[in-house]
Structures are given as C-alpha cells and as structure tokens.
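Read from first to last, the chains carry the letters A, B, C and D; within each, the first residue is number 1.
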Amino acid sequence: MSPTPTHWIVTLVCEDRPGIVHAVSGAIVSAQGNITESQQFSSADSGRFFMRLQVESAVSREVFEAALLPVTERYRMTWQLDVVGRPLRTLVLVSRAAHCLNDLLFRQRAGQLAVDLPLVLGNHPDLGELAAFYGVPFESHPVTTPGQKLAFEDRVLEVVEEHDIELVVLARYMQILSPELCAALTGRIINIHHSFLPGFKGANPYKQAHARGVKLIGATAHFVTSDLDEGPIIEQNVVRVDHSRTPGELVAIGQDEESRTLTQAVKWFAEHRVLLDGARTIIFT
Amino acid sequence: MSPTPTHWIVTLVCEDRPGIVHAVSGAIVSAQGNITESQQFSSADSGRFFMRLQVESAVSREVFEAALLPVTERYRMTWQLDVVGRPLRTLVLVSRAAHCLNDLLFRQRAGQLAVDLPLVLGNHPDLGELAAFYGVPFESHPVTTPGQKLAFEDRVLEVVEEHDIELVVLARYMQILSPELCAALTGRIINIHHSFLPGFKGANPYKQAHARGVKLIGATAHFVTSDLDEGPIIEQNVVRVDHSRTPGELVAIGQDEESRTLTQAVKWFAEHRVLLDGARTIIFT
Amino acid sequence: MSPTPTHWIVTLVCEDRPGIVHAVSGAIVSAQGNITESQQFSSADSGRFFMRLQVESAVSREVFEAALLPVTERYRMTWQLDVVGRPLRTLVLVSRAAHCLNDLLFRQRAGQLAVDLPLVLGNHPDLGELAAFYGVPFESHPVTTPGQKLAFEDRVLEVVEEHDIELVVLARYMQILSPELCAALTGRIINIHHSFLPGFKGANPYKQAHARGVKLIGATAHFVTSDLDEGPIIEQNVVRVDHSRTPGELVAIGQDEESRTLTQAVKWFAEHRVLLDGARTIIFT
Amino acid sequence: MSPTPTHWIVTLVCEDRPGIVHAVSGAIVSAQGNITESQQFSSADSGRFFMRLQVESAVSREVFEAALLPVTERYRMTWQLDVVGRPLRTLVLVSRAAHCLNDLLFRQRAGQLAVDLPLVLGNHPDLGELAAFYGVPFESHPVTTPGQKLAFEDRVLEVVEEHDIELVVLARYMQILSPELCAALTGRIINIHHSFLPGFKGANPYKQAHARGVKLIGATAHFVTSDLDEGPIIEQNVVRVDHSRTPGELVAIGQDEESRTLTQAVKWFAEHRVLLDGARTIIFT
C-alpha cells in the first residue's frame, strides 16, 4: 500500500537557458511526483526564468530535495520546496486603524488565509481587543521618540528571530521603517497604501484627490524597500467614486480597497505565488 | 389639441442659497413644464449650487426663457437651455492613432453619440480614409515648425468660428496646445491620456509602468487647461494587466481604455451632464 | 442665536403630475429648510414619481411635518421624514455561515453602517461567539421540525414588535420563510444569494457553474417576497473566475461577493435610498 | 550562422499521467526549442491533461513534428502545432446589427486580432458597406424560407471548404443553425449573446431585466452546440446599470459588452488559448 501523497510547491528562479523544464520535470519524475499545476515565465527584462510547480508525491522531503539537487545546482537556481497549505509564520504590525487587521484575522479564522500569527505588534494599544477576540497575542509599545523607535524595531527583529517569521505585514502601520530594518527583511515586508490616478504627492492625498475630482481611488500592496511606497507592486485595486463624496467618505472607501488588496497580496505570498524580478513582481495566480 | 411637447435640458449654476429649487420649479410650472429628470449638488468646497433638469414642455423656447429669466436674474445664475438629443457641434483633432476617432465615429453613426462633426482636423493625413468612410470632412496640415503650429491653431479657431463649434475633442492629438488656444476655448476642450497607479512622470510611462510591474493601467478624460494633463477630470477607467505583458501590449490595452473613456466623456458633455466647480467636475449621470 | 440645524431625509412617492417639485420645495422653504441633496425619478412603467431629499433645517419634527402635510395630502403621497444617520433598528437572522454577519458587525462598529442591532437570531448556535465579541445579543433556536419553524417565526415577529424593528436581514439564513412572515414584513426583509450568468436552477448551483465553466460569479441582494429569490433586486456584484477554480473555491469567492453586496444593500436601505416601484427598485445613490 | 527562429504554439491534450511534462519538454529539447511560455491544467473532472506551449526554434515544421511524434503517440495526444501570429481563417456570419462586426474589423486592421477574413456572409445586405470599407468581401442571401435556410447553410459549408475555414463567428447572426451544421463544425463556431444575473428565459430578456430592475447586464461568448446558447462558455463580461435606463438603453449598453466579449473570445481562439474539456473551456490566457 502506497502512503498518502503530499502536495508540494516548488519555486525555481535561474538564468534562462534551453532545457530547464526538461531537467526539472525529470527531477519530478525521479521523485515519483505528478505535476498538478505549473507556471513559468521568461523575463525579457532580466533574462531570468521563473517557475512554480505544484506536485503530488509520496516521497519524503529528503528524497524530494535529493532529486532536485542536481538540477538546482546545474542551473544555479534559487529555489524553495514547501507543502501546500502550510501556514506562513507572519508578524503583523499595526497602529490604530482596524480595517486591514480585521480582514486578515477574519480570513485566517475562516480558513481562507494560510498564515500563523504568533503576534500582532502595535505602536498603539487600540487593536489589542480585536486581536484578543481572535486569540492572537498582542503587544504594543509607543513610538514617539527615536529611542522608542529603535527599541520597537529591535523588538520586531527579536520576534522575527524567535518565531522564525517569514513575512512581516504592515497593516496600516503608520511609522516609516528604518533603512536597516528594510534591508534586514528585504523581500519579506509587505505594505499597503492608497493609490490614485494620477498619483498625488505630498500630504493628505485624499484631499488632493477630492480637490481635482478624481473618479477612481484604490490601493496598492507592495514590497517595502528603503524607498518608501516605491517597492515592487504585488496587487492593485480601484473603485469608482463621484463628486458627491466628501474627503472623509473617500477615506472610508479607500480603506475597503486597502483591506482586500492587502489580504490578497498576503495570500499570494503565503502560497509562494509572488516572485521578484528586479523591481517587478511575477505573480503566478 | 395641444402640440407635441419638447424635451428640454436646463442647467443652472449659482451661489447656494435657500429657496433655489422652489424658485426654479416655480418657473418650470409657469412654463407648463413637467420635470422628468432632476439632479442637483451643493458644493461644500465652493459654496456653489449646481442643477440639471430635463423638462417636458410644449411652449416655445422664447416662452421658456422668459419664464426662467426672473429666477436666473435673481440668483445670478449661469444657465443653459437646450433640447434633448440636439447634436453638439464638435471639432475633432487627431494625429495618427485611429482608435479614439474610430470609436467616436462608429458611435455617432450608431446613434449612441449626439454630436455633429463638421470636420476632423489632423496634423497627419493618415486618418483621412477613416473619416471619409463615415462621410466626415477631413483636413490635415503638418505641424513641424512654430509657424505651422500657429497656422494650425488659427485654422482651429477659424473652424470653431465658422461652424459655431461647442466642443473640441483631442482624440490623441499629439501636439501641446498653446496657452492662448487653451484660454480661448476654456471649458470646451476635452483631452484623453493614459493613467497609472501610481502616476509616472516623464517620457514613456508605459515603459516605466512595465518596469515597476503595475497591475492596473487606465485612461483619464479631462478638460484641457494650460497646465497640460492637469485639468479637471471628467472620467477614468482602468483595466487589469499582469507581468507577462510587454510594454507594447500595455500600449494596446491602454488604447482601448482611452477610446471608451474619451467617448464617454464626450457623450456626457454633449448631454450637458458635465459642470465645472473650480478644478473639479460635477457629473450628473 | 439660531439652533443647530438638523439634517433630514425626506422620501416621497406619488402619482406623477406637474408641479410636484414646486409644491415640495415650497413646503421645504416654509420649514426654513435648505435642500442639500435631491434625487427624483419618474417611472415610465408605473406612472409614479419618486423623490428623496436631504434638507438642513432647525425647526422641530412637528413643524417640519406640519409644513409637508398640505403637499403630501394634495398629491396623496407615501412619505417618510427621518434624521440623517439615525441607526435603523435591524434584526439579523443567521444560520452557520459567518461571512455576512462578520461584515455587517465590523462595518457597524467602524461607523460605516448606521444600524442598531438589538438581536441576532440564529437557527444554529455557531455565531454566538462572533456576536458576543461585538457586544450584540444573540439567541438561537433549532428549526428542524414544522413546530420549531413556527416558533422561530413567532419569535421573529415578537422581536420585530418588541424592538420596533424596521429591517430584517437574512445574512445567509438558510430557511425558507413562510408566506405569512413574508407578507407580514413585506418590503422590510432583505436577502442575499449567489448569482451566475446565466442563472442555474436547482440544487448546488456552484457545481453547475463549475461544470459549464462560467467565468463570472456573483451575488444579488433583493427584497424577499413569497416567491423566493425572485423579489426586487437591490444590488448585484460579480467577480471573475477561471477554469482552475474548484467548486469549493467558487463558494469562497462567492461568499466575498455576498458579504459586500448585502452590506451595501443594507446601507442603502438604512439611508432610505431604496424605494419600490412594483417589482423594481429605485436606488438613489 | 543560425537561421532566425520561428515562434511556435504547441497545444496538447491527453489522459493525465505522470511524466507527460518531462516527455514533452524532452521532445522540445530535441527540436532545439526554447520554451518561452507554458501553461498546463489537470482536470479533476475529466482526468484529462491540457498543455499549451510557446517555443522558439529554428528547425523546420517537419523536424519539429518528427520530434513531437513519439510523445504524442505514446500518450495518445490530440495536438496542434502552429506559428505564433498566423492569421486564423475565419468566416463571419451577420444579420443587421453592426456593432460586433465593426469591432472585429477595426481590431483586425489595427493588428490586434490575427484573423484572415475571406468573406462576411449575411442574411441581410445591410452590413455590406461596412465590410467594403475594410476591404472584406461580403455576400448576402435572404433566409426567410426553409429552402433559403438550407441554401444559406450549404453556402456556409462551401465557404468553409473552399477557404479551409478554421473558425465561424456568429457576430449577431440572428438565425438558429441547424443541428447538422452545428455537428459539422463542432468546436469551431463561436456565438455571442446577452447575459443577465439571474438569467431570463423567453422573449425579450432586456424587457424582463428592466422589469425586475437588474443592476448588471452582460454578454457571454460561447461555443455553439445544438443546444442553443448552452455551449461551453469562453468569456463573459458585465456592466452596471441603474433604474433610470430604458429597455432601449439596456440594449445599447448590452451591445458594447457583446462586441468586446466576442472579440476577446475570437482573439483567444485564434491564439489557440481555448481548449475544450467536455462542457467546459480551459482558457490559457
């Protein structure tokens, strides 16, 4: 009797060359795997090749890795092997706005978002009750002085270390991260911010958007780089508004877009569907 | 036997004060009119009141105007009285891209766009054949020297004068208008341009959008002011794209959004549904 | 010193005749009111006239009503006078699915949905904990026998009576209401159900939709009539899906559409923006 | 000096078994090909495996086919080898409505739709002028008697034969095809029709949709089977409408959705992105 097969996710990135798919699929065959989902992309910009596979196989992780090794070495691949549905260890940073955290927690509990949340960390205590309802530990520390900011970021790194955190989500965390923290967690921090067509620079963009009578407002989820709000884009959404909306209503509408856009980005990341190609993301949905 | 009633459009703008609606509806009653559609908006930004009515009435234009006069004078209104469905005298300026002109012409012929097109004016001869198919006169003059540009703009003003043009549509007309022309036709020129979240400044925005991996691209139709691409927004649309799109494909997708967005803006303008509130538009759809 | 004005909502329905707007606006003037928002519609189907006004006025309710009375009597109007933002007394019925209730509760607490929730009533105990988190009383009674169903519906009517309930929301309440209950609460029960293009009759529509490979799935919020799922439509939304979705994933995607569509419908109803014209709704958004 | 490579499309369908991807990619390697795009899907419904590849290779068609042959035979594949961008030989059938034909012709000329149109065939002469403008031959034959219908369908089959037609597009062709014609061209006829949530059976669905106040109307492009309007769905779109729309306006809005939905479906079919899995389509976009 054969053991129940595991559903695996394999992601691979390397320089694009002929024969990669044949080599990879050969390794899958030798791991007695059956490919159930496969996506690939050759970037004309970077000359790199990206692949994501879902594979059914009853072999152990060690055997699977051993089967992949010759290929990943030959093509000098960056690669990852994970189990479908394994909850991603995720740290959420918040301030006072509840909408993004609420959506993440509700979907996690509803089984629609495979994340493990060992801690929600805030610079305000306001969201502690919400976290408690969902049974997620919560901690808050004020960040009003440079020293407190340093301490807060040290605590972030400590939690990342302690819980082996794979993703940090800025769920309307209203502090700018230090370049050091961005660098330490590069490719592992996702932020959400409002977006408009066209973009508005400077303070109070909703007021500017109102002043020019924009007809669409939205949100962008992106990786955080030290160049704030300019990291690689993961997901975007917009919704239609009209002249009768006050700046306050635009904010409320924008928050809905922020929630669903951030949750979508986290979900894709947790499923290893988001790969980086320089300043662009490859999204295998 | 009473004569067949005419369907009228009335638009009114004035300082917001109590009693306006009562005064206006009283004038409509005295013109034996029946209000079939009515929209209004009080701008908290400017303190101005905006109203658009559709009215069935069998009286003549002179009688209708006489009934409105006491009210429009008392409240110092800017106002307009027009007949529903009257084709708006429209001049279209084009360069070489056909997509926006094709959409305008097709919808005009299909009876979905109430415009009269006495002339299409281009700075390239390419679109003459398309205009000819729809039986619309076409003229082209090169604009490669300052003198030619001056002459082209003089020709625009001459056509506006000669045909009593009410709207000038820049259907991918790839020349910047002089401040003088913008000023002469203020509130009567509609332009279309591509839009992104976030916006990209500088040359070749599709290439920039591609480089950052944007997930939504769109178009904005707006009034032209001397501050190019920054006039009051009339309509916006976006469409979803992914990492596999080349910059060239993004251009093609963007063109579809440009066509439908521009045609929509022209349609609303022709139906007197677009009113200006400073830098914002009030759209009574 | 004049008292702070109240923001009022007035809705009016009557047979369409000339002069209504003038008469209504005259009554507003005599109540020292200023119209800040006004929408109207003349139904060609029914010959009826629909109007919704927002009015600023510092007079008392009694004075306002007295000012409206001569007009509402002359035109035999069905009408309502309410205060902007007053929470609507709402009873929510649920079964086991949490997504719609969660969205209603979160938005109510976030101040985006003006409803008062004296009770959530379920035929299963599952959602009691969620209601408790938001501090909303919860009661559950099994409905597995005809007698229990009768008792449940009696309890509904009792709660409606006791709390002067204005709206009953079926937030995925999975029992068919008796014709008697539908009749007793006509125009005051909103239901949500999944929707497809084209529609699928019979059991397990998601499975049917999957089998035919539909590309869009959605949700419809509608008034409940004794003809189940066929009452007047209030709001609809769809979202795109593709061939890779399992029937189970279609269900999850459909639930998101259900939540946001139901909440939107409740919000519009609470703001008196939903009027009935026979089997159609007039939505003044 | 190596010859310029050709860009090929390979589509493959067979029973799902382990090792297919490895076998196919091995054949590509032996044809000196480089996979630039690859999509696959394992259908849990039918147990079948679907694959679409784009491959750069400088070998001749004969060499490429020879390389694929052992694999396609071993797995008993249904397969196709084509060149990217080759125009699909397409016959368009029309009646009197111009919107779908206009969109197809404009996009074909604009280079956005790789189809060859040897003939447009109508049962009315109305669209001859439009076809002529785009330089496409046009023929019309009345279909008002059973004999004429038989003759028309014979002419369709004759044109299919003569021009080796690969796709027949019903661009608002308002005649029901005979079961014989459907059978003769199964999987090669695409139709467009309006769609609603929920669906409406019987005559004049726009009137029914209006009567119930639907908020979304749309269009569905699908393969034609002898069960009219019930074939596998290729693409669907919807657009929002409100209570103020007359049945006539709903028709105009629906036509826009029909045009863009049909053109999209034809484009995907021409690019071999549409594969059939029983009553479902697999769309590799």
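Operating definition for what follows: contacts are C-beta pairs under 8 Å (C-beta built on N, C-alpha and C of every residue); 3 or more make two chains touch, one makes a residue touch a chain.
None of these values were measured; they are calculated from a predicted model.
Ranked by distance of CA centroids from chain D, the top chain is C.
The angle of the rotation superposing chain B on chain C, based on CA atoms and rounded to the nearest 5, is 180 degrees. For the interfaces C-D and A-D, the C-beta contact count is higher for C-D.
Taking each chain's centre as the mean of its C-alpha atoms, chain A lies 37 Å from chain D. The mean-CA centres of chain C and chain D are about 42 angstrom from one another, to the nearest whole unit.
Residue positions 37, 41, 244 of chain D each touch two or more of the other chains. Of all residues in chain C, only 16, 18-22, 25-26, 28-29, 32-42 touch chain B in the complex they form. Residues of chain D that touch chain C in their complex: 41, 44-45, 195-199, 210-216, 218, 220, 229-230, 232-238, 242-244, 246, 277, 279-283, 285.
Listed in rising order, the residues of chain D touching chain B in the complex are 37, 98-99, 102, 106, 110, 112, 133, 244, 252.
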